[in-house]
């Protein structure tokens, strides 16, 4: 049974290899049905294996741990690294999300991407992504995790720039790649530091070593902050959040899979995986919490001002991951993972239904040109509404349970009223506002310019995943994962009833505000006040980085256009050439001239003799 | 006897000067022979009769005959006087003459400042002594000289062959 | 057997130097290769004179041995050089050494 788990990451890899290798064996492009079977099937079987392994091994034993050693990867002095997998319930939750939600999104993609000329390439990338993500979550050492970490980064780059013929998409892909690279560099330094201090990068051993009372707390603080840097880059948190809204240039199912459900939550997974180290450092915990709180507020405000349906969802993703970081920062580890799970359900649902809307409107993404769609695509409307309700954490939806847990934990962690809790509650209100703003602008009110041409583009391959995700988004709150063995149990304390009441009320207030403001929004245009313009641009971070980093760098590059260092070598060459010209002038082919110089040389030599 | 030395030395210098300034190749060659004969006389005065004899036989005899053959083959002589006159302008020869004069002055300075022994005695060295030295101590050098002459023979034969360029087997050998 | 009345060593050296410098001057100023060849002979001869004078001064046969080698060398040199001159004349139809500048840089 444990062997099945080793096959979970290998199956998508095999799928990827087959899809890439097809041109080696067949001249003609295979039909879409074959590609679908390979691409979707590999992930489907992986999901099946995960489910079977869960049922057989873990269901009755919440503390079960499975270690699978595949082979030795490298051995350098003290450093021993293997392609070894470590599976516990935390991994298992991630596995189920990645394979389960991944499978649904693959299935949806088969419908969404139909008739795309690069159908095969798309599924090859997608399978490679699933493989890399599974490697990331199953790795038992940080280097293998880093391999998966970079692998998903690569796939993210490839898929954002999937329609590479439009330069804008390529730029967005590069931006995502470069910005996350900043975080990855910090993370790599963190790994070096950890190895330097503890002589191991195996995660369980590392946690044991760090738990030793003699371990250097300052080193742990610095290392955890560096790892946080990596997580911030990958999960699009402040200050490296700018790439995610642009990453929406990729196909919508990609946005659902990579930039909402799985990859961007890798940072959350990393911190949860390394949580024993973080608990040792109060500074790191505070930093995580503050990053989360600030990000969820900034991204929430930005989401209110957006006009592109996918960008709204992108900012909401940033904001929700901010919630997860907030949860991590206040020690609500299982709350963070729980929210990660429910977020994967409802955000995938939202993106996929947004994809259906976009496809039905012939690739229109501007919400001000939509409206009144609830009559034309009722099934999509239903799914989107469920997703919105869950995102806004309306009571009894899955998002409500997870977010409620986080807010309570934030209240408890600092023994009462505190700024982190306040940020969370304010964020809940904003979430309500921007969520229902989108819902009303797209589906309610009068018809927009694009709505008139609406034609339901859903196929069975798209409706089935939507339906399953809708059910999960509604009822996922009941599936509390048994993570006590991983994170330890916390004493249940019940704060005052009004605290709970506030948490429940906030989304409803947000709903009310949105109803008042946007129910009958005129679809005239995009006149924005100065504040909303500022929010629209994502609090000017792009402008700031452009002026702070990009332009000075470009200026330096322009200054050094002719390569100053190279000038030295070019100068040497030019000098030699000058000398050559000079000396070759003396080489004039005249024998008598040579003779004369010879005589003159003799005279000089003899002159020396005479003078001495 | 010293007067004889200075007289022959003067003849040698004068005739050499005529060689380098004369415009007719044949005349110049005759002056050169004169100069060589004068030097032969000087050899004799320095007690080297073998050298004097070889100077006359080989230099003034064989080598000069070789040069005169070439002058005849290349049709030098009266016909090229005009050409030589054009080539030997004062602007052409002043510079080299100055350089050489400078060199000569330096040599004279060096010689006059060198501490030579006051002994003016010279030793008569006859052909017998020279022959003994040549075929005992210098026998290897004699063999090398013979090799050199053989190489000169082969080289001259090869170089002087007048081959038509288009029938030449290799373009750079002839 | 010393010869008391012989001229001094300095006189011999000066004569050799004079002849050599004349030969060198001729070598530099003449453009006709045949004249240059004659000048080379003058220079060689001056060097040979130097050997003989020195040998006579020290009462040593080596001076004349060297003279014989110099003569041998001059003979070989003149043979090769004349062959070259012939070849040069056949190719360029001139005896002007300044025409022979194909190796200019």
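As written, the chains take the letters A, B and C, and residue 1 is the first residue of each chain.
Everything that follows uses one rule, which is that a contact is a pair of C-beta atoms (placed from the backbone, for glycine too) under 8 Å apart; a residue touches a chain by one contact, two chains touch by 3 or more.
For clarity, every value in this text was computed on a predicted model and none was experimentally measured.
Chain contacts in this assembly form a complete graph, since each chain touches every other chain. Across A-B and A-C, it is A-C that has more C-beta pairs touching.
Distance between chain B and chain C, defined via averaged C-alpha coordinates, is recorded as 4 Å. For the pair chain A and chain B, the distance between C-alpha centroids works out to 95 Å.
With centres defined as mean CA coordinates, chain C is found 92 Å away from chain A. For chain B, the set of residues touching two or more other chains reads 95-96, 99-100, 103, 107. For chain A, residues touching at least two other chains, in rising order: 592, 596, 599.
Annotation for chain C: residues touching 2 or more other chains are 24, 27-29, 31. Of all residues in chain A, those touching chain C in their complex are 583-592, 595-596, 599. Remark: chain C residues 1-15, 17-19, 21-32, 34-35, 37-39, 41-42, 45, 48-49, 52-53, 55-65, 67-69, 71-80, 82-87, 89-90, 95-96 touch chain B in the complex. On the side of chain A, the complex with chain B involves touching residues 592, 596, 599-600, 602-603, 606-607, 609-610. Contact residues of chain B toward chain A in the complex are 95-96, 99-100, 102-103, 106-107, 109-110, 113. Residues 24, 27-29, 31, 97-98, 100-105 of chain C touch chain A in their complex.
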